[in-house]
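Have a look at these structures, which come just after this line.
Shared chain: chain A. Partners: chain B in the first complex, chain C in the second.
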Partner chain A sequence: MSQNGAGPVSVWKILKWVVALLVAAIAIFPIWWMINVVFALPGEPVSLNPRLWPTSLSAGIANIHMIFAQTEFLRAYGISVAYALLTIAGVLVFGSLAAFEFSLFEFPGRRVLFGFVLLSLMVPSAVTIIPAYLLTSQLGWLNTMQGLVVPGIASAFGLFMLVQFMRAIPKDMIEAARLDGANHFQIYWHVALPLSRNAVVTLAILTFIQTWGNYMWPLIVGSNAEMYTVSQVVGLFNSPLSHHTVDTVMTANLLAAIPPLVFFLIFQRKIIQGIAMSGTKG
Partner chain B sequence: MSLRRHLPHYLMIAPFMILFAAFFLYPILSGLYYSFFDWNGVGTPNYVGLANYQSIVGSRDFTRAMTNLAQYIVITVPLGILIALALALLVDSFTGRWAGFFRNAYFMPVVLPAFLAATIWRWIYAPNFGLLNMILGWFGVRSINFLNDTGTMLYALIAVDVWVSAGFNMVIILAGLKNIPMELYEAARLDGASKWQQIVHVTIPMLGPVLFFVFTYGLISAMQVFDKPWLLTGSSFTSYGGRRHALLFPVMDMMGRAFGGVRFGEAAAYGFILTVAIVAVTAFMFALRAWRERQ
Partner chain C sequence: MAFLEISSVSKSFGTLPVLSDIDLDIEQGEFVVFVGPSGCGKSTLLRMISGLEDVTSGTISIESEVVNDVEPAQRGTAMVFQSYALYPHMTAFQNVSFGLRMARKPRDFIAGKVEQAAAILQLDKLLGRRPGQLSGGQKQRVAIGRAIVREPRVFLFDEPLSNLDAELRVQMRAELMDLHRRLQTTMIYVTHDQVEAMTLADKMVVMSEGRIQQAGPPLTLYDDPANRFVAGFIGSPKMNFLPARLAAVRADSVQLEGIGGTASAALPLAGIASEAGAIEIGIRPEHLRLVPDGSESDGGLVLDGRVALVEELGAESFVHMDLADGTRIIVRAGRDAARPEHAVRAFIELERALLFGRDGQRIYGRSARRR
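Up next, the complex of A and B:
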């Protein structure tokens, strides 16, 4: 538990380091390997070269250029970015408006409505996905951006997280703003929202990672090639019927991995806190 | 008067609640309704009573999917948590920059989209030229077709699953570890407890609620596994589940009936059967905890 201090190097200590580094290698290696395949000298079969290091920067750049220029990947990338950004905007706006009320005010029906939303956290998505698809289809929203985005906006998890956070806002500050003549919406906009910036940013990042990685919903709602998201294109490139070569497929995989990995490297603390919070308070 | 006073509150929650009702509550109710109909999604639904439920439960695929699921869950959930716990203790034993480095490294697979984890591992598992077979080849093992051999398919899935979920659970367990008061370890040490005894008698009992959450949550998500087995087996709506359906799972079976067989009523019924199973397992977990606490 506590550190051993600067004592003599024991067998245990060495063993601990070996295990820790080995596990780190297992966790990171598949990602590292993907990079190496993309940035490899062309012409050498993967089977003869385990690709432990990247060998050619220009080959990698050529791969990336090729995949954007010659495949449908660029459009899919645009659709995935739009899908993620619009979902984030919807989750944050709708969620924070509702969380503001549920956390700071008392009104008839508050408990029942919030209870309903909390209960929905326990309902598996397996039961809603088919009828939600049928509703989206009846609305004529198949293969449209609203069909991808709108059904995912009312995120019970997001609301719950924001409510947990906004509860900590002192009621005095709300009262003070009201006495200063702020109306209800102004209190939300100028007091509650700035004070919950941390939670809002964390929720935005978690929503991004989740939406970017969503495979099932785009698979059924955006089944036309014009609406393919990155998840679907990657799935198709990797399918047994795919006619793409290893470097093309790996380039697609790498480009799909970059946004969440970059977000993680920048916001690691917030992401880990967000996950830990949802676990320890759940 | 009262309504006017409360009107701003309702206006602010309205956008969320309307979407919530439309895309969450309504689908549950309409799904229940459709589950009693034979329907291809466009024509007129044809009332069939409980026939959908009967044909699902009586089908070979359902039995196969449920058997696979049981085998999968029994291994993947406890194994994933055990590894996550070990990793959390390992990370916790480091301090400063290295603790942060190892934590982030182990967490990295979690941020990766699940669809990507599955596709990268497909390449690693590939026969002959795959990385894993290459490493095994150094030790003289002949090439194994991990994702097409019914003896290895389930374990190949579990390895990917643990690779992803261990980091997620580790972060939650780490947060739990930080909440254990240092004095408890001090007291145990004064009583002459070894490191191992401290883990067994202080750490694990104090982590009870966190481990319960991680276990229950892991169980619920494992019961709905879809992306990873779907992509590992290169599935499509016309052919899924891999060789001899060795990686067929309930959600895959449900999706196949809906979008491959175009039997939406049956798929809706499948969703309810699955939900009842998940709720039953969750309720059992909570009952178990209540019983343990009373002991």
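Up next, the complex of A and C:
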């Protein structure tokens, strides 16, 4: 009985469920409300008696169509997707290559260098944003994709996370590959990287969520409207001087929230579990 | 020149010396076992041969070529790790073929080689599985397969059986012997298990504290150990060591006194260079004979004591016996040979007794090798 998790119902168990459901409701409600507002008959969201469920599918579709057809939203979408994907690619490539060296090999200055990396984790990004802006500006990268992406590629957090994970890869495995004639890059590519797959996927998800929602850096480096990301466009909708109605603003918000939601739903099953150990001991 | 020659090799990690002055010749096709307690440097020596560890000083050469600075993959050695070190994300086939794939060999060639190795190791049906789906013994075979396909000049095994249960270990041991017989390739094997070493080795290299204590055929080391360490390390149960005093050295014999407290005997050893003083007598459990208390001596050495405990193994028993001075010795005897707390008497086959000096080195006499 208890093996199936269906033991006797205790007060404690009921309490746990109540708390879990409450937390879930609180988390879901804003999203639900957003959907509710978008798919509502015009005028209903601001009425004194709003409904808790969608009332008009066609009104919602019309809202979405309006956003895509009459605003810069689609272009911003493209910019945001490119920004996120390029940043993910950069973070993964540089992070995993650096983590491979830091975690599996000895070289002079390794500890000191890694100490610097950890140190940079403790500096808030707001502190580095002005020097980063000046540097980007001097490179002539303002209002360019590389200006948006490159400064975010050196991720201390990503490196730290991958190093922690790769440290668990047995040294024997690296040595076996070396004896098998694999060169340095082949060891990285065929052994270390596949064994770190879970960590790499997790880092990709976290990087996506972070870049998609990043507001400050795109705002500073991409002042030109052509480089606006989704978060900035949504910001425009939300600004005090905008003349959009609530349902239009909510539609913009909903469209901005969909990619991370989908992303999360696809990858939430990716639980971090080291497959590195499974092949070693009998 | 020997097939694999290790000369004056030393190794230290920083300031910590782990191996000093290792000299060893290994012939082609020989099965050599490095054995010793943990921390004796045997695995380090193996890793130095493989190239995974640098040589601090001295040279290692294979077929007359010094390989000190040759990359591990180019040495023609293949290693089987204690942990097997299989790649968990690859199938057995991919694991076995990894080295060939890295060398960009043609697909057909790789398939043929893997098939061949799989046939030798009875892996045919397991090639599609991942390490997580294999048992310990099967993983071990895949790891050996990975070594075989490289057709190495020297196989290196680093405690490959220590993760297996006792029954499987015996079985894998037999398979390794069979593999060696069929491939006729030089194999170097590291273990801390002296039974494994005795059964597998053509040449057994006993190591301790970063030095080779003695190297030779297992039975030679068993019968004729060079020092107290080797004598005590090989054999189960261990050799008995009895404190004694060398009272007088004559031309054709030595007089020993205070053996195990009180006993004394004249040992028919000639040409002993040692001076009078404290020594130890080494005698294996099977070279002691239990007789009823009060039996008359037949001219050999007689030890009186009390039975502390008896280990019954069915066919034989090991009788632990306390001597007058508290020294405990083990006598190999038949079934029901003694009962605890009873007084017993043991005869020593004197011609089998070995003498060790205070420094642990063997004191050789001319007739010491007589059997």
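Observations on the structure shown:
The rule is short, and it goes like this: the second predicted complex is superposed on the first by the 238 of 282 C-alpha atoms of A that agree within 3 Å, B and C clash if a C-alpha of one lies under 4 Å from a C-alpha of the other, contacts with A are read in each partner's own complex, and residues count from 1 in each chain.
To be clear about the criterion, contacts are C-beta pairs under 8 Å (C-beta built on N, C-alpha and C of every residue); 3 or more make two chains touch, one makes a residue touch a chain.
The shown structure was predicted, so the numbers you read here are calculated from the model rather than taken from an experiment.
In the superposition on chain A, contact is made by A:Leu195 with chain C only, not with chain B. In the superposition on chain A, A:Ala225 makes contact with neither chain B nor chain C.
More residues of chain A lie in touch with B than with the remaining chain of the pair chain B and chain C.
Of the two partner chains placed by superposition, A:Ile258 touches none, neither chain B nor chain C. Residue contacts after overlaying the shared chain place A:Gly95 against chain B, while chain C stays out of touching range. Look at A:Ile61: by the touch rule set out above, it reaches neither chain B nor chain C.
By the touch criterion stated above, A:Leu22 is placed in contact with neither chain B nor chain C. Touching of chain A by both chain B and chain C, each in its own complex, is seen for residues 275-277, 279-280, 282.
The touching residues of chain C, counted against chain A in their complex, run 50-52, 72-74, 77-79, 81-89, 98-99, 102-103, 130-132, 135-137, 139-140, 146, 150, 163-164.
Interface residues of chain B, counted against chain A in their complex, comprise 2, 6, 8-10, 12-13, 15-17, 19-20, 22-28, 30-31, 34, 41, 87, 90-95, 101-117, 119-124, 128-129, 131, 134, 163, 167-168, 171-172, 174-176, 179, 182, 185, 195, 198, 203, 210, 213-214, 217, 220, 223-224, 226-227, 230-231, 234, 236, 250-251, 254-255, 258-259, 264, 267-268, 270-272, 274-275, 278-279, 282. If you check the complex, the residues on chain A that touch chain B are 1-3, 16, 19-20, 23-24, 26-28, 30-31, 33-34, 45-47, 50, 93-95, 97-98, 100-102, 105, 107-108, 110, 113, 116-117, 120, 122-135, 137, 150-154, 156, 159, 184-185, 188, 209, 212-213, 215-216, 220, 231, 234-235, 238-240, 246, 249-250, 253, 256-257, 260-261, 263-264, 268, 271-272, 275-277, 279-280, 282. Residue ranges of chain A in contact with chain C, taken from their complex: 170, 172-173, 175-183, 186, 190-191, 194-195, 197, 275-282.
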